[in-house]
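Shared between the two complexes below is chain A, which has chain B as its partner in the first and chain C in the second.
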Partner chain A sequence: MSAAAQIALQNAINGLLIGGTYATVAVGFSLVWGILNVINIAHGALVMLGAYVTYWLFTLYHIDPLLSLPLTGALLFALGYPLQRIVINQVVRASFFITFLLTFGLELLITNLALAAWTADIRSVTTSYSGWSVALGPIALPVVRIVSLLIALLTAAALQLVMTRTRLGGAIRATASDQEAARLMGIPIAHVYALTFAIAAATAGIAGSLISLSFPIFPAMGAGYTLIAFVTCVLGGLGSVPGALLGGLLLGLLQTYAASWLGPNFDNIIAFSVLILVLLVRPAGLLGRAQRFRG
Partner chain B sequence: MAVLVVGTLAWGMSGPANGEGILKIGAPLAATGPDAREGALTKAGYDLWVETANTRGGVKVGTTAYKVQIVYYDDQSKPPTSAELTDKLITQDKVNFVLGPYGSPVTFADAAIAEKYKSPMVEANGAARRIFQQGYKYVFGITSPADDYAAAMLKAATSLKPKPETVAILSADDLFSLEVANGAKDWADHNGLKVVYFQKYPSNAPDLSAPLTSIKSLNPDVLIGSGHLQESLVAMKQAQTLGVNVKFFGFTVGPTTPDFVKSLGPAAEYVFASSQWTQDVKYTGPLFGSTQDFAKLFQIRYGYIPDYHAAQSAAGGLTLQLAIEKAGSLDPQKVRDALASLDVMTFYGRIKFNTDGLNVYKPMVTVQIQHGQVMTIWPADVASAKAIYPTPLWTARQ
Partner chain C sequence: MPRVTARGLGGPAGAILAAAALAAALLLPSVAGTYYIRVVTGIFMFGMLASGWNIVGGYTGYPDFGAAAFIGIGAYTTGILMSRVHLPFAAALPAGGILSIAAAVAMGSVLLRLRGHYFAVATLGFMIVLQQLASNLDVTGGGSGMNLPPVRSFTTFYYWMLAGLVVAVAVGFVLPRSRVGYAIAAIRENQDAAQVLGISPLPYKVLAYATSAFFFGIGGGIYAYWFTFIDPPTVFNIDFTIQAVVMTIFGGPGTAFGPLAGAVILKSLDVVLTNISIFLHNVFFGALVCLLVIFAPRGLAEIFQARGGLIEAIRTEVRENRI
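This part shows the complex of A and B:
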C-alpha cells in the first residue's frame, strides 16, 4: 500500500471515529428539535454533565466508565424529565425566540454551576486500557474509540427501535405530526414531551461519557458540541436517527480529510462550506424531514 | 466594579518605621476571570518580594529606606479593564511605579498606558514579542521572549545523541502560539534542522488525529506542539493510540502543569517542555540569595513549591527595587534610565534589557517528565537529571 493510500485509509478511520462521537451528540439534539421544535442550546451542557458523572464515578468509586454508561444515561434521563416538564414546558409553545433564549440561559447556568463546583481544571478519564491500540499492518485502530463507535451505533439503533417499534415511540411520533389529533387520541402531551427530552438527555449523557474516555473534559466543553450537533442535524436531516448518524459520520469524515489535505485549520471551513451547499441543494438535509421516523 | 485589595500581608501591614517613606506601587492583576489562577500565583510572587524587601531594610534610596506597598486592582483578566485600572493607579492613586499584570494580551494593553504617562513598568508575565515592538521606552519585561519557548526545546534536542535532523511543528492558531511556533521554525531553519511539517489548527481543537496521521507518515525526529494544555493532552493521547513514534515529544504549554501527568498517567512519561524557570536552576543574586534559597523561603511562606509564574513575579519586583536603588532616586525618568542600563544576576537568572526593553539574556530551561516528575534537563550546567532520549517506542513501553 502506498503511503498516500495508508494515510487516506487511516483518516477514513479517524473520520468515522470522531463522526461516531458527533452522531451520538446529535441524535438527542435532533430528537428534541424535531419533536418539540426546540433548539436546545443546553444540549452540550448535558453532554458535559454526562462526562463529569463518568469522571466522578471513575475517580471516586473506581467504577469503569463502560460499566457506568447505563447509570450515566439513567441519571441524565432523571434530570432531563423534570427539566423539560417544569422549566422548558412552560414556553414550549411560545415563539422560537423564547425557547432559544431559555435554553441558552440554561446552558449558561449549568456551565457556570459546573465551573463553580468543579473549577476550570482540565480532567481526563484514564483507564488501564485507554492507550490500547491494535495495529492492522500500517493502520492503527484505537481500541477505546472503536468501542465508543460501536456503543454509539448501538445507542442509535436502540433509539430507532424505540421510535419505530414501541407504543411510546408511536406516541412521540404522533405528537410530533399532529399535536391536536394526538391529544384527542388520549396521548398525554406534556408527559410525552418530557419523556422525549429525557431520552435526549440520556443520549447526551452517554455521548459525554464516551467523550470523556478519549478526550480531556472541562466545564466549558459543551458549547462546541452544541454547534457540532446543530451542523450534524442540518446536514443529515432533522428529527431522524439515521439522519443524525449519517450527518455525524459525514461531518467527521469531511473535517478529517479537509484537515489532512488542506491543513488542520481548514476542517471547519470545508465542513461549513458543505453545510451551506447542502442547505442550497437540499434544505431538508440529506435524509430530509419528509421521511422522519417512518415505521 | 473592581475589588480593591490593598496588598501586603503580615509584615507589610506594619507600616513605615522611624518615619521612613512609603513606596507605592500599582499592580492591576486578575483575581477573577480565566487568568485568576495565574493571577494568584503572580500576586504570591509580588507579595513575597514586598515582605522580604520590607523586613530586610526596605528599598534604599540614598540614605532613606522606603517600605513597599502594592495597590492591587482586579482586572478580571480583561485587557480594557486592566488598561483603565493602570490609568487609575497612575493618575488617581499616584503610584510611583507599576508592576505588570498577568498574560500577554493584558500586558499589551497596560504597557500603552504606562508609556503614555512615562511611568516605568516592570512586567514579569507577558512574553509576546509585539509588546516590545511598539518602540516603548518605559516598559521592561524580565521573561525570555515568546520565540524562545519552543526554540529552547530544539536547542536541548540538538544537544542530544543521536542528533535529531527533522522536526514537525503543530501550532494552535492564536497569536502567542503562532509567535512561538514561528520562533521554532526560524531557529530550525538557521540551525540545520529540517522542518518537515508546519501546520496550525484552531485553538481548542477537539481532535488532532488527521495532523498526527500526516506526521506519523513523515516520521520526524522531533514533534513540537505549541498551544494549550487540553491540546497537548489530546495530542499525546492520540499519538499513543495512533502509534506516532518520535524521538522527542515537546510541548510549550502543558507538561509542567500537574494536570498533565494526572490526566495522561504513564503516557506523560518522557515528554519535554520548556519553562521560564525551575527551582533546579543555579543562580545567585541580591535579596533572595540563591534559587534554592528563594524556593525554600517561598515554600515556608506559602506551603507549596513555587512555579515559574511566582518566581518571575518576585523577580519583577526585585528588578524594580534594584533599578530604584541604582538610580538613587524615585524620579521616574532616572529609574527608567537605571532599568535600561541594568545588568544583574538574580535567583531567577540574568536581568538585562535590550533596547526594546526585552530580557534576551536569560536562557529558558527545558524539562522532561521522568517517573511522573518534572526534571530540568537543559542547559546542562543547571540540569537536575539527564534527558532520557530517544523516547522509547509506544510498543516498547509496558
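This part shows the complex of A and C:
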C-alpha cells in the first residue's frame, strides 16, 4: 500500500470513528427538533453535563467511564424530564423564536453554573486503556474510539427500536404528526413531550461520556457540539435516527479529511460550509422529506 | 420611563423629552467621574446594539443570532487599520462599519433565503466561523489577539457611542414610518402575501440586515479602541448578541425606544450584579432570558400596556404558549 493510500485509509477510519460520536450527539437533538419542533441550543450543555458526570464518577469514585454510562444516561434522563415538563412545555406552542431563546437561556444558565461550580479548567478522563490501539496492518485503531463507535451504534439502534416498536414510540410519533388528534386519542401530550426530551437528554449524556474518553472537558464545550448536532441533522435529514447516524458519519469523514488537508483548526469552518451548502442545495437532508426551509 | 418615551414621542412633549435627555447626555461628562462615564458609555453601546438588532430581529422578524460577527468585523478592521496601516481612528471606524455592511450584504443574500430556525443557527455558525478564521489568520494576530494604540481621553468614546446610539435610535424611529418600513413589516407579518403585493423580500431583508450589521460594526470598532486589546473570543462573543436580544425583547421588539429602554434598565442592573460577582452576571442573564420568554415573550411594554392588569396579562401570555 502506498503512503498516500495509507493516509487516506487511516483518515477514513478516524472519520468514521469520530462520526459515531457525532451521531450520538445529534440523535437526541434531532428527536427534540423533529418531534417537539424545538431547536435545543442547550443540547450541547447537556452533553457537557454528561461528560462531567463521567469525569466526577471516575475521579472521585474510580468508576470506569464505560460502566458509569447507564448511570450517566439515567441521571440526564432524570434532569431532562422536569426540564421539559416544568420549563420548556410552558412555551412549546409559541413561535420558534421564543423556544429558541428559552433554550438559549438554559444553555447560558447551565454553562455558567458549571463554570462557577467547576471552574474553566480543562479536564480529561484518562483510563488505563486510554492509549491502547489495535494495529490492523498499517492502520492504527484506537480502542477507545472503536468502543465509542460501537456504543454509538447500539444507542442509535436502541432508540430506533423504541421509536418504531414500542407503544411509547408510537405515542411520540403520533404526537409529532398531529398533536390535537393525539390528544383526542388519550395521549398525555405534556408527558410524552417530557419523555421525548428526557430520552434526548439521556443520549446527550451518553454522548458526553463518549466524548470525555477522547476529548478535553470544560464548561463551555457545549456550544461546538450544538453546532455539530445541527449540521448533522441538516445533513442527514431531520427527526430520523438513521439520518442522524448517516449525517454524523459523513460529517466525521468530511472533517477528518479537511483537517488533514487544511490543518486541524478549521473544523467549524468546514462544518459551517457544509451546512450552508446542504441548506441551499438539498435542504431536506440526505434522508429527509421535503418541507419548507426557505423564506 | 420606557412608557413615556415610547408613547409620547410622536408629539411635542416627546420631542422636548428627547431633546432634554440628549442635552443631559451631552453634559454628563463635565459633571460625572471617570467610573460613571465608563458605565454610561457601556449603556450607550448596548443601547446602540439593541436598537441595531431590533431593525433585523424586531422590525423584520429575522432573529440574527450571529450579530456579534459584525462586532468582530468592526473591531478587527478598526484594529488592523490603526495599528498596522496607522490610520487615525476617525478613518478606521467608518471602514469597519462599511466592511460590516459589505459582509452583511454578501452573507445576507445567502442566509436570508433561509427560514426561522435555519436562519438563526446559520447566523450563529457564521459568527463561530469568523471567530475561528480570526484565530487562524496572521493579520489579526491569531489567537494571541492584537493591541491598538493607547488612548488619551476616555470621554472620546463616550461621545462616539452617544453619536452611534442617536443614529441607531433615529433609524429605528424613522424606519416604521417610511415606505421601506411598511415593506419590512409586510415581510415580517406574511412574506408570501407581501410577495403577491409586489414586494421582492430579499433586497429589503438584506437592507435591514446590513443596517443592523453597520451598528454592530461601529460598536465593535469603538469597543476595540476603547479597550485597546482584542482577541477572537472577546469580540466574536455570543454575549454581545444575547444581551442585545434580551434587551430588545425586554423593552419591546419592533418599537423605536424599547431596545434603548431595555438596555438602560438591564445594563444598569448588570453593572450592580457584576460588582457583586462576575459569575452572577451570566447566570443572571440566563435566568432572565428564561423568565422573560415564559412570562413576557412580547416584551414588558406590552405587559404594562395590557388591559386587565399585570397579573392577568402575564397569565394570558403563559396560557397561550403552554401545553
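Couple of notes before you dig in:
FYI, the second predicted complex is superposed on the first by the 275 of 295 C-alpha atoms of A that agree within 3 Å, B and C clash if a C-alpha of one lies under 4 Å from a C-alpha of the other, contacts with A are read in each partner's own complex, and residues count from 1 in each chain.
The definition used in the following text is that a contact is a pair of C-beta atoms (placed from the backbone, for glycine too) under 8 Å apart; a residue touches a chain by one contact, two chains touch by 3 or more.
Remember, it's a predicted structure, so these values are computed and weren't measured experimentally.
The partner that reaches more residues of chain A, of the two candidates chain B and chain C, is C.
Contacts of A:Asn265 after superposition on the shared chain: both chain B and chain C are touched.
By the touch criterion defined above, A:Phe197 reaches neither chain B nor chain C. Once the two complexes are laid over each other on the shared chain, residue contacts for A:Gln90 go to chain C alone; chain B is not touched.
Shared-chain residue A:Phe29: touches no atom of chain B or chain C. Contacts of A:Leu17 after superposition: chain B is touched, whereas chain C is not reached. Contacts of A:Ile189 after superposition on the shared chain: chain C is touched, whereas chain B is not.
Once the two complexes are overlaid on the shared chain, A:Ser130 sits against chain B while remaining clear of chain C. Shared contact residues of chain A with chain B and chain C: 224, 263, 265, 267-268. The residues of chain C lying in touch with chain A in their complex are 63, 65, 110-122, 124-126, 128-129, 131-133, 135-136, 191, 201, 238, 242, 245, 249, 279, 282-283, 285-290, 292-294, 297, 318, 320-323.
Contact residues on chain A toward chain C in their complex (touch as defined above): 33, 39, 87, 89-94, 96-98, 100-102, 104-113, 115-116, 179, 189-190, 193, 223-224, 227, 230-231, 234, 263, 265-269, 271-273, 275-276, 279-280, 283, 292-295. By the touch criterion given at the top, residues 3, 6-7, 10-11, 14-15, 17-18, 120-124, 126, 130-133, 135, 140, 142-145, 214-216, 218, 224, 255-257, 259-260, 263-265, 267-268 of chain A touch chain B in their complex. Against chain A, the residues of chain B that register as touching in their complex are 34, 37, 170, 173, 199-202, 204-211, 213-214, 216-217, 229-230, 233-234, 237-238, 240-243, 259, 262-267, 394.
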